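Below: a set of structures, written as structure tokens.
Each of the next two complexes has subunit A plus one other chain: subunit B in the first, subunit C in the second.
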Partner chain A sequence: MQVSRRVFLKYAGALSGLAALNKTGLVSLKHLSPAEAEAMQTSMGKYEVKYTADAMCPAECGMEMWVKDGKIAKIYGNKAVPMNDGIACAKGASGQQLVYSPYRLKYPMIRVGERGSGKFKRVTWDEAIDHIGLKLTDIKKKYGAESVIMDCGDVTDRDQYYRLFFAYGTPNTTEHGAICDVPRRHGPRLMVGGKRWEPDIMRPQLVRQSDGSLKKDYTYKSKLIVYNGWNPFVATRIFYENRGTVGAKVENGCKVVVIDPSYSNTATAADMWLAPRAGTDGDLFGAMLRYILENDNQNDPNKKYIDWSFKKYSTGWDDFEAAFKSWWGKKDPINGLSYFSLDWTADRTGLSKAQIEELSHLFGITKPAALVWGMQSPGHHYNGYCASIIGVALNVITGNFDAPGGVIDCELVKADKGGSATGKQFKKKKVKRNIDGKEVEGEVEHLHMDLFGSKYPAAWDDAVADYPNAFKEGVDVRYGPFRGHHYPIKAYILRTGNTVLTGSAPWKWKDAILAKDAKGNYKLELNVFIDTLNLESALYADVILPEASYAERQSLSDIYPSHQVIYNRDAVIKPLHECKKPTDIMNMLAKKLNELGDSDLKAADFWEKYKSEEDFVNEMLAPAPGRVNVGTPLPYPKYPEGYKLIGTPDSLEKGEVTIDNAKKVVKGKSVTVEWLRNNHGVAIWPMSWRRYKKHNADEPNKAFPNTSTKLIEFKFDWKDGGKRYGGYKSYNEKIEKAGGEVPLGLKEIGFTKFPETFFWFETKWNPHTNPEYKKYAKDYPFQLICGRVHHSMSGTQMIPWLGEIKTEGTWQPMNKEFEADVPEAMPMGDEPMKSMKKKFKANTYSVGSIWMNTDDAKKLGLKSGDLAVVENPLKKSTKGKVFVSGGIRPGIIKIGFATGGRFSPGMGPAYKSKDYTPSHNDLVDPDVLSPIMGFPGYADMIVKVKKA
Partner chain B sequence: MINALKDELSLYNLLRQIFLKEPSKYLIHDMNKIELTSGNQENSETKGPGEDMAGYGLRFMVEAIRKNENNLNEWIEDLAIEYARLFIGPQNPPAVPYASFYLSESHSLMTDETIDVRKQYLEAGMAVKELYSIPDDHIGIELEFIYYLTQKTIELFEQEQRDEAARLFEIRGNFLSNHMAQWVPLFVERILNSTGEDFYKGAAYMLRGAVEL
Partner chain C sequence: MSKKYALLVDLRRCVGCTSCQVSCKMENAVPIGQFRSKVDIADTGEYPKPKRYFFPKICNQCDEAPCIMPCPVKGATYKREDGVVMVNRDLCIGCGRCVGACPYGARFMHPHIPVKNDPKPYAKNVHEVAGKKAKDLRVVDKCDYCSHRLAEGIEEPACVRNCVGKARTFGDLNDSDSSVSKLKASVKTTYWHPEYGTKPRTVFIAPDEKVFSAADSQINK
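So, the complex of A and B:
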């Protein structure tokens, strides 16, 4: 044995005298006993298969992950899950790049510089939880628990945070839906109590056969799908729409119409692409409805548009129709034409009368058909509510709602989950507040900043884009028992979201988070960021908590199937680094608050109740599937129609149930995590259609949909036989009890209460439809819209193989030449590996781009790759390279959502291109919050473009 | 030879402490007691690392401590912030402290290269305490492994168990030259290119010297 050393250590002697080096214990390594070593040796290299749910994008497909040596070795799609039927797309397959990214969050950190300076130090979990616990305790004492907002952000698995903060005493919890597509969901929620209307193209479906057996059915029935402002080939929230759209076309001759100002990826599969002006969705839908009503002829097979049987299953149509028709007699101030006429619609949308007529006829006459409207549009327009309501009406009166091959409200038919685990019961707790010297009692939920606040009392999805105002000015409660109560917002806890960048305009968010009081303290006293990834919002956080990634925590898929399907998100591997699972974070914080004297957080509700995350998820699963036995074919012919079904598919199938006739519930064995693990991770209950109708009679079953009358409602607030009904009823009652005080949102559009049936108002910043903005048309000739590039959004930006791939005109290989350190290929022999600088040539790597029409670009002297400045009338601007093509309507500019201007390192390549990539959000008007529910008008803006 | 190993033991012991976590007050105050020998009074910046890279690094660190002698506690806080910025984040840490980042094609963590490191630990009867959570090839853990092997070799040698001592010594040599020497220079270069803090520059030099001994 020889020690060969080139130089003897000169300081070795000095070192050996250090007391610090007397600590000789091992910190990170441990000795294994011979038995342990052998066990580890033999287990190495073996695969274990786990069934889980993806979260690389909101589609949350069913996945199969193969684990070897404690790490994810292979990722496949789970063939047992009908959402994706075994497919794993490039995003799903890139999961390891996120989980094993060197740049993910690893340790709890506390800010040491000013907010935004990016200076943090590592702390222990105990220190971080201490810090948060002390602040929360202090805030609750000084201002009340309602001064804390818990924003559960983007992805799924949020129930633990809801539970914790409901118990703490704040009703102000929210999630990403609030800044996703609220106006789009409005019509379904109001009229059927649902949310998302999607075409019936999820395949396979599990269908009861006439012989009583269950069969996986792959048959497509759709004949027409109209996608308006919806681009499922790129924005894949509803993953089966990718393959289902193509499947229905190829296997069933289904026609596809795409209505989008840009030639989207989905438009490439369309038989008809219509490119209207932005923000005219409601105009076009209104024209379709008027055309169908005016031209329907039940005696002419070529004009038999309406299936009048819908009247049996609905209420209020006559009022709705009358209110709609009342607009026909009015002249639109912008063009002097009759509302919803072909001429009017052509003038406003920029489509030809012939196109509008053709679309209206095609939709009226083709059955089954589905009219689907999207996230970007009308979801992102101030008046998207109107489009969404007319969209529901169009599908219903043509007989397509819940028809085989028609359109399905996925919210109404997906499996129920969450139950008491979510902790909604804590919101019923009685609390007292002192208002103008008087003690008033109410429930925790009556303190909700939106539902009882002065602005948007119908904001059932929360008005997240209004938070910056709340941070600075606080909340005025104007409705309910706490009317007159004012409170500040003192803490904002953001989990898996990036509101600073995307919650409306980033400058508004930064301004609010950085605002200080007269003493120089931040008005928002606590700002916490919880995530697996480092995003822009983390820069402004006081505390960062690293959360276990989607592969490291246990929960359930959050999906929109066409019947009840639920699958496990299994904890495939152990949490990496010091990341913790939501259940552990919940328990740690609850315990800390309890130790600090907060008796609202009890051991029996938290750390003693949930010993593991599996305990929590089992409670979430308890109500599943929780839907009624309705539709044709009846899912369970052996059980009474209209009864709620609870329990595993096999227990319901075998009849291992108890039937409660009083409550109308059939209860089998509860679905559990263990049951799911033993069944390929997934539970599937049978599909049925026309679920609003008795299976053997042409009359409503009064068990579906989920409205005040259990009928489809075309009226939103009415009285009948001394009782009051409708989706707006409770909000109008609030206004009445408050002496008729009109909330801010409604005031903006000149309403004094929530409408009783059909209503209409114009969108903002649209000079083609709203006379208020006509004056800007000359100087700001372009409408600005945005669209998703799902594979390059916050959660996937850091994955090179996704980022490189171009998408439509908004994500193009237009990088500047850049240099990066790259290790050389593995050297031979004993030579150490060297790093080398590698040049990435210009235009080889995709970055966010500004999409514009060829003719427009020519007039401005711009060509693809030129740097341009886009400026709005508020004098806010952004810079980026233009992508010029014929595939976009002249007069429209499109920028990807959150693709450019990514100002925080930690985002991989996106940060490097921040100076020449556009930020759409910088151009959003943060004061345009749609009047019913306070949703940002992301796509309501006009701009001018000039060469930089 | 055993004396030489004993010297190295202190070196790896110090390095593992520096790279596993932010320096404690105890460690810095202790290091402040190191006396620089008269032959090396010149400022280290004017004198290149020469052949004794480890010694040079140590001098760099001690000089940095001396410079901040009057505000040590504040400076220790600065070191913690710099440690986080360099090695942890939250924003892209410039010197990712895991071998697989440098050695794998994917530049990610927990790669096959990490599992190879795990196998070498196993060969010496060792494993990471937080197995499957903390990547086995963190620089601090690898240094602890060398530190452990050095200590164990000495112990076995002194107990006359020469075969086992030789076996561990061989694992140590292979791990240093076939594994650590492949990536540590790249890691060191990143530290040197991205820190303005002399303490971590010194630590980087010392690390490089220790791996190339």
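So, the complex of A and C:
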């Protein structure tokens, strides 16, 4: 839609005023036109409305899908789900183009060529399941069940696969979180037992009123939100941060600060945009903490930064503060300045002292405020743990943790789900292994490759980026009962993920999957790919199983809420093509393994127990909401404070419960799929704030948060009264029991055990902060960062409606002319989508691009649309067109995550641009795995750029 | 009194997500490459003061709609009493004159909806259809505020229904209690190129009116 007055002017003036228009008789009144009548005939009454959720991205918004003749006709947000409050993003609304995509996997396939050649033959499900079953049986006999990894990728209905493989006998299951933002969520897990901290802007919230009733509350309370390296407008996984941010601004005068080297879409809503150098998030947080500690004055209303009541609800602050302050006396080798001082921070971040001061003061003095940090900052840096820990401290000491309008740990407050369906109980099974001629007994879970392996024994989110090393070298168990046990990795089952492209550097993954032994056999004997989509990782599989799309299978969604909410991700249509649901795939494989003689897989645990996916989901719902009755206002004043609540909202409301005082549990009627279907798909329990304190007294309730002391912990490993506490306690105990053997990750940063309180170390590949890399600064003058482009993630680039969108500087209409099969919406007939060939003119369709600053581009003789080569010191390079703008800090290059270089034909239009679009992952250093949990340093890299 | 429909876009709340653009395509089966509703995104300014504008474009449902006059078929394109500018797919002969006449680019020929009305009687005066049969021609399409939803009493076009920032408000300007009336009365509003004299019905709250010119500049096409 483009303004053009060329023809308009020809007619302009021919008419003047509505009266003139009326005289022409062209204004039709009252009677329905035939077109309107037709519209009515085809409209609303004929649809069946199904409540489900969108699993195209991990925000998993509640959705309404309107079905006609067994096909998805309309997609809207579900108004009953508070995460999205009835709205749907572009991706969510484009679901038909994924479900009805010609690029879907349609039937099982077995590889006929070499791995990676993409040559497969179509087989029956029986043949495919036979093939996998025989291999898994053989591998278990020869190497042990632990030689199999089940990687469940990016959606939350992983439970069926976890159950299957726990029962089979391997503890090595994982999901996408392991390659998402592990360092970002470290502080919350360590200090409150949670995960992600988000601003209190999910609206509506269901709140108990003083008269005892429950009300949907839409009012915003936030006065300041600081988004550090977090871009909710584009990386929309915490979906309410879109409408919440602008809502809090317009309705409550909330200020917004965005800290990001690139001018993100979120920055467009910012009152202050700060663009520091990449990888200096912890530096800035440290400076804020030092500024607040040095300048706090309880007697000066303009400097009353700290809310000292936090000390009542926490433990270990004095130790933390002392450890933090000990750094002030040290001089940083990179600049000779005192750590966390304004000068030091200005030197390292590239921000001015005035900017750092202003931010620190603003955050200290504005209440309520929320400081949040995202996956694009602490999440993707080697030392992101430090930033995450300081971020928690900043929110806690300023009184913003779980305050109305402050910051909420959404992991701590979301509903419990999964329960026994997930099969965790199978990991408790006793097994024996022969180690150096001695038979040793332990539990299945003691075989875990990370938690008991030699490298990252605190990797509670699994070190997926280390899998390529495990494929080639196997696993050394160094901790726990099986210490000394070595086992190979022989099978990798990947489901709804694309690790070959995004699991660190693609070349490293390919190399490991293709590695052969002396006899010429693949070291990794079995590589299975299960998905709806034909992603790059499928090209490297031995067997491909087509899974029902998110609209064709059932599970639950519940993520990132401010209080307990759970909703049914219902199956909306029947599986298309030969696709099968996870529950059916689980049962088929379990039965096959049983037939092949594996008695660990029993009928009573699988195919006789779960006759349908609804049986499985009902079991998952049994523990919900499973959280304690705490906070102000108390969610259920009629039940004792601190008791765990289980059951439907209405049974708890009506008092149809049993109360177990010994176990401190209030139990109503279990939530079921049927209950959800009768309630717009969603169960919602009441919101409360300051859930760490008693509702009627200024003292801790000892039921929240989820730490060893039920207090906020600023210490991570300590002894008190003969007992040991803290988030790192169990990992240090492992090290001690292993005679002090230091895990590889900790060795890298010179630690001998997990630290007892505040700690600091530098990131990698950053010449501005780590002296080791200063020598590269001249030849590699740019820092390379990456970020999500919501519309073009690994698994949605085949959707043409999303290619018509441009995003920031990393997803721009810079295509060459091409032709591709695409699903096209049909305005007439019974099919919502029809596949057809379409021609796309040059520069009309978005492709991955390389974002750089105007002045930088000028110096290199580059302009928007020019092809450039980006190369790193490891001599890896990638190629793409540049987008030049003033919206990025000089010295920074940004590429979207998995936007370019898409080499699977299953990507549709995106495949056509693979030769001139950049792959950020090709430049990732696969050996930079963060020391505590083995997470890839996705945004720790420097590069040079030249015209191609 | 008839209703007087209007759509208000509050750019203070627009997050640039393009949900309106895609939701419209989903709702109305708009073909790839064409738009009833489109978000233009413009990058301007230099570091450290860059600016990015999001401009969600949609048919203005002009009260003096310049697309009606050029139409050679009486009633093929018309304005309803409630203000919605409609295309009658039974009458449209697909000449495309209205497409060029709209200064906002709000109209296009729909490749998958063939013309029903026999163009032959018009061919003498309408050279665009001369010698062509109905099946070779395609009707014009445009935003009609999701008239099929309105007809069912759902006074909420799909773009409003799914708007991520809750930036879009739709309703009846003749009802002073409607949210669109109240918002329009309480906040300064503006229009997209009102100087064209078409009397647009689609209203914007635009804190920075440069959004209109920036989005139409050459580099941001």
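Assume the second predicted complex is superposed on the first by the 879 of 948 C-alpha atoms of A that agree within 3 Å, B and C clash if a C-alpha of one lies under 4 Å from a C-alpha of the other, contacts with A are read in each partner's own complex, and residues count from 1 in each chain.
In the analysis below, contacts are C-beta pairs under 8 Å (C-beta built on N, C-alpha and C of every residue); 3 or more make two chains touch, one makes a residue touch a chain.
These numbers were taken from a predicted model, which means no experiment stands behind them.
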Inset, instruction - Report for A:233: first if it touches subunit B alone, second if subunit C alone, otherwise both or neither. - result: second
Legend entry - Touched partner set for A:112, first subunit B, second subunit C, both or neither: first
Inset, instruction - For A:102, select first, second, both or neither according to whether it touches subunit B, subunit C, the two together, or no partner. - result: first
Inset, instruction - With the two complexes superposed on chain A, say which partner A:120 touches: subunit B (first), subunit C (second), both, or neither. - result: first
Legend entry - More subunit A residues in contact [subunit B versus subunit C]: C
Inset, instruction - Name the contact category of A:904: first (subunit B only), second (subunit C only), both, or neither. - result: first
Legend entry - subunit B versus subunit C as contact partner of A:77, first or second or both or neither: second
Inset, instruction - Check whether A:275 is in contact with subunit B, with subunit C, with both or with neither, and answer first, second, both or neither. - result: second
Inset, instruction - Considering only touches as defined above, state whether A:243 meets subunit B (first), subunit C (second), both or neither. - result: second
Legend entry - Residues on subunit A lying within both footprints (that of subunit B and that of subunit C): 1-3, 5-8, 10-12, 14-18, 21, 24, 26-30, 32, 34, 36, 40, 44, 96, 826, 832
Legend entry - Residue numbers on subunit C that touch subunit A, as the complex places them: 10, 12-19, 21-23, 25-33, 35, 38-41, 43-52, 54, 57, 63-66, 68-71, 74-75, 77-81, 86-90, 97, 100-106, 110, 112-113, 147-149, 151-152, 154, 158, 161-167, 193, 196-197, 199, 216, 219, 221
Inset, instruction - Mind listing the subunit B positions that touch subunit A in their complex? - result: 1, 4-8, 10-11, 13-14, 16-17, 20-22, 24, 26-27, 30-31, 33-35, 37, 40, 51-52, 54-55, 58-59, 77, 80-81, 83-85, 88-93, 96, 98, 101-103, 106-111, 114-115, 118-119, 121-122, 125-135, 138, 140-141, 144-145, 148, 151, 157, 162, 165-166, 169, 177, 181-183, 185-186, 189-190, 212-213
Inset, instruction - Flag every residue of subunit A that touches subunit B in the complex, lowest number first. - result: 1-3, 5-21, 23-24, 26-32, 34, 36-37, 40-41, 44, 69-71, 96-97, 100-103, 105-107, 109, 112, 118-122, 534, 538-539, 544, 573-578, 821, 823, 826, 830, 832-835, 904-906, 908, 911
Inset, instruction - Please name which positions on subunit A make contact with subunit C in the complex. - result: 1-8, 10-12, 14-18, 21, 24-30, 32-36, 38-40, 42-45, 74-77, 86-94, 96, 233, 236, 239, 242-243, 245-247, 249-250, 263, 265, 267-269, 273, 275, 790-791, 800-802, 804-806, 808-809, 822, 824-828, 832, 838, 840, 844, 853-855, 864, 885-890
